[in-house]
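Report on one structure; see the data block that follows.
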Amino acid sequence: MTDLFLGLVLAGCTLAFFSLLYRENIFYRSAEHMYIGIGIGYILFQGFDRVIAYVWTPVTTRGEWIWIVPFILGLLIYTRYIKSVNWMSKWPMALIIGSGTGLAMGGLVATMIVGLIVSTITLDFRNVSNIVFLIITVTGIAYFLLTREQTGTLGYVTKLGRFCLMAAFGGSMASNVNSFCSRLGGVIETLVTYPGYYMTALAFILVLADSMILKKK
Amino acid sequence: MAFERNIGPKIVLSITIILMVTNYYLSPQLFQDIGKYIKEFVVVIAAVMLGLGFINALLRDIPRITKKEPGQWYFSLLTIIFIFVMLFLCAGNKYMPGTFSGMYSFLYQEVYRVLGNAIGAFAAFFVFTATFRAMRLKTLEAGAYTISHILAVLGNAPIGAVIWPGIPIIADWINEVVVSAGLRGFIITSSLGGVILVFRYVIGKSETVLGSA
Amino acid sequence: MFYSGRIGSFGILVLICIIVYIRLRQVVVGKSPTIRRLPALESVEEAVGRAAEMGRPVFFNAGYAAGGLTTIEAPIIGAAMSLLHYTARLTARYGTGITIFLGPINMVPVSMDVIKAAYTIEGVESDYRETMVRWLSDSQFVYTSGFMGACQREKPASHVMMGGFWYESILLGEAGRNAGAFTVGGTPRQGQVHFMVAICDYVLIGDEYYAAAASVSRDPEEIGSIWGADDIKILILGLLIVGSILQVLGIDWITQLLKL
Amino acid sequence: MEQRHIIYLLLAIMIAIPYIQPIGIPVETSKMTRDFYNKLKSLPEGSAVVLMVDVGLGSWVELGPATVAVVQHLLDLPIKLLVSGGSAELPVVWEYTLEQGNIKLGDNKYGEDYVVLGFITGGEPAAAALADNLHLTKEDQYGTPLEEIPMMKDLRTAADVKVVLSIMAGTQEEWYLRQWRAPYGTDVGIIVSAVTTALAMTYYVSGQIFGMVNSLRGGAEYELLISKPGKGVVGTDMLSLSHLLLVGLLIIGNIQLLYEKFSGTRKPEEKTGG
């Protein structure tokens, strides 16, 4: 019994979200607000659980008092609701922004700039494809020169660069279509097999009825 | 007053960035430990901050319930209810394993998962309508965008090889050369833009993210 | 002292900082570069104007950005905040109101401060509402579902998508288009820019995104960093071309230097 | 019934067909999947492999078949498997893999052959922290302290780990290249959503990543490699039909454009991307 009930409820939830493809309605809105509630509740608990695992346990069991410092810094962020001291929330925010941006400054230069330059230079240029590779990379970079007017020879180079970039975008987008269709496939499988197809039939009837009512209005 | 409100945080930002960069480039253990502590401190701060989201959600939904905003208040009530139901179930699942675990696995492992899959699946519908609308051979660039897309799409599915054995070969060439090279130029310049922005934060030009009103 | 294999990139990093610093100083003393026109940046004003005419809201998205400011996407969010500040000042001036939808929690306080500062500078701090920042959840799909529903209910006139988008760019963008929104977008992320090109009426791709953020930021001399960036791009072009030619001739001291 | 509704309906039908009646279009194994398979097979006995689950259940549909096939392969090999990850849904994804994929554990014992560490939030800094200290979470997913787990005794940092695998849908492969491969030399392999294959391709082409299992199609190939066909193979039929529909739509869209251009009934110019 429960498998039938579970299958129907899950197909119902899926169709409630898919109903947005038709139009915004009460089913979508209630599924959405339930989903947001579950999402917020789950993330909040994970935050609480992390604080226990990273602060409470080390401090109480191993006496590592150092973890009180980030805990207090985290609490400071709540001062933004108190007008007179809301500047305090900027100090921990500076640490958070600094951690991510600092990581980026190190990592980006090494792997995303120097790393890619080296792996482009060391291509085996006896192979024609690699010469085309270099030309596309160079013209692509030339397109992003922003303080020089794109006229004359630079105009031709950037035009070729823009052409290659758009071709690259078209190609890389294809792998996304592949992934999206795979996901939709897995979901539609639950809607066209037992017990989901009962709910799918019900959904289609509702949509037909609703569109007829709207046509009358 | 300007120090605590504006200049102090900017100095902390600059120093944190410099320490994180030294952690990446310098091998002595001191820099590794500093980097390690910053990384682990940030994980704790990020966890403590989550309550802020809770307040943001309550500030948005509670007034809608109290003022009985037509057509919206009972949905906001639904969100609030499920926030607390989920908090309670997660706590039960962690600290009192067994109690309500059926409800927890139903709500989180089934309903939450299925709703996530449904939103993920929307992307297929939307990418079809977006490309149908945008991929028109109006300009040279739009032509490149469309043709390489069609060839790569056919190459990605087994049907491509069935239609013409040449398609997967062209599609692989597009992926390995055109896409990799085009994106390489794109990645190098956009990463450079990111690094330069972070350098501006190091020299104190972080008015937008840390500046006072 | 240094990790092996990273001295080369540290050298490049220092070089980048020096060139940008010189250009910033030059702008402070009055010399300023001519920046190529960025139609997508100019269309943000058109988008807010359209919202004022139609009396419908302006929606802003900065993307899921892999968890926000604690990740390597932090620079993308920093730039998104500059563009949010620019858009918020326009909505304050036109009186249309703005709503930013957020995933990562660490972006909530920064977004609130940025919008509040914009409204204060425009002299209409009373119009600022805390609910202009809508945090839906750290989960990527919960944040997306909330935005998709809001789009259909509130029918935004304009949708400004500037930031670090991941899987959700197509969902947010198309949901806005289906609600009839004029969509302006921008991202430096190579994984999602192809969707923005398909969805948006105007789009900033790659480094154009950072250039737009620099040209609208609160410190006017940041324009110099675009100038510096161009110099470094020319240096990189040189490295690529000369390096490849030397490599073919068997001389690889450039790669040895970079791989130091 | 707007144009977009017709497209939605057509897509739903084309995707539903193989699930109702499979067609069986042939699937070739790509080089990157075979490289991934051969690398794992060639690992010496007792070497440690870390599997990082960096996606939630939302990606299960696309990455489930590949995850099940790779985990089954890892458990059949004489290696030590550590499961961790950046996604808060790690525990659920792991149970789902065992349950949905009906994985055969064989003579693998928990704590000696495989262990499930807790998840670590915080993106790249967290991945870096785990590389510096495999005992970062201090206790495994079920609460037992890591010190008491036998296999964790001689596993301290990423230097003791031969291969790190990431089930990912973003750019997490760069975390592991920067924080595991660069400093510790751990080889990186990925089970990747097709969304990010193009990006990861640059690292695979340049040799920094040894192999890639590319979403559902890769899952179908890996299922055939370990000769255990499952959901992946059915999925590739669905890919063929849906992709055929997309190409058909794009061609129709452009024929419509050419017809309008020559018959002079052109609609007002729609602004395309700037």
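Think of it as A, B, C and D in the order they're written, each chain with its own count starting at 1.
The working rule: contacts are C-beta pairs under 8 Å (C-beta built on N, C-alpha and C of every residue); 3 or more make two chains touch, one makes a residue touch a chain.
On a predicted model such as this, the values are computed, not experimentally measured, just so you know.
Among the other chains, the CA centroid farthest from that of chain C is the one of D. The mean-CA centres of chain B and chain C are about 14 angstrom from one another, to the nearest whole unit. Note on chain placement: the centre of chain A and the centre of chain C lie 15 Å apart, centres being C-alpha means.
Separating the CA-averaged centres of chain C and chain D is a span of 29 Å.
Once the centre of each chain is set as its mean CA position, chain A and chain B turn out to be 4 Å apart. Shared interface positions of chain D, i.e. residues touching 2 or more other chains, are given as 4, 8, 11, 15, 56, 58-61, 121-125, 169, 174, 182, 193-196, 198-199, 202, 217, 239, 242-243, 246, 273. For chain C, residues touching at least two other chains, in rising order: 3, 6, 9-10, 13, 16, 70-72, 74-75, 78, 105-106, 109-110, 113, 137-139, 141, 145, 148, 167, 170, 190-191, 193, 195, 197-198, 205-207, 211, 229, 233, 236.
With touch defined as above, residues shared between interfaces to two or more other chains in chain B number as follows: 21, 24-25, 38-40, 42-43, 46-47, 49-50, 52-53, 57, 108, 112, 115-117, 119-125, 127, 129, 131, 133-135, 142, 145-146, 149, 153, 156-157, 175-176, 179-180, 183-184, 186-189, 192, 194-195, 197-199, 201-202, 206, 209, 212. In terms of which chains touch, the assembly is arranged so that all chains touch all other chains.
Across the complex, chain B meets chain A through its residues 4-6, 8-10, 12-21, 23-25, 37-55, 57, 75-76, 78-87, 89-91, 94, 106-108, 110-112, 114-115, 117-125, 127, 131, 135, 140-142, 144-149, 151-153, 155-157, 171, 173-189, 191-192, 194-195, 197-199, 201-202, 206, 209-210, 212.
If you check the complex, the residues on chain D that touch chain C are 4, 56, 58, 121-125, 169-171, 174-175, 182-183, 193, 195-196, 198-199, 271, 273-274. Across the complex, chain A meets chain B through its residues 6, 9-10, 13-14, 17-18, 20-21, 29-51, 54-55, 66-67, 69-71, 73-75, 77-78, 81, 87-88, 90-99, 101-110, 112-113, 116-117, 120, 129, 132-134, 136-141, 143-144, 161-178, 180-181, 183-184, 186-188, 190.
Chain C contributes residues 1-3, 6-7, 9-10, 13, 16-17, 20-21, 24, 70, 74-76, 78-79, 81-82, 85, 105-106, 108-110, 113-114, 116-117, 120-121, 125, 130-131, 133-135, 137-139, 141, 144-145, 148, 167, 170-171, 173-175, 177, 188-190, 193, 195, 197-199, 205-207, 209-211, 213-214, 217-219, 222, 225, 228-229, 232-233, 236 to its touches with chain B in the complex.
Residue ranges of chain B in contact with chain D, taken from their complex: 32, 35-36, 38-40, 42-43, 46-47, 108-109, 112-113, 116-117, 119-121, 124-125, 128-129, 131-139, 142, 146, 149-150, 153-154, 156-162, 168, 175-176, 179-180, 183-184, 187.
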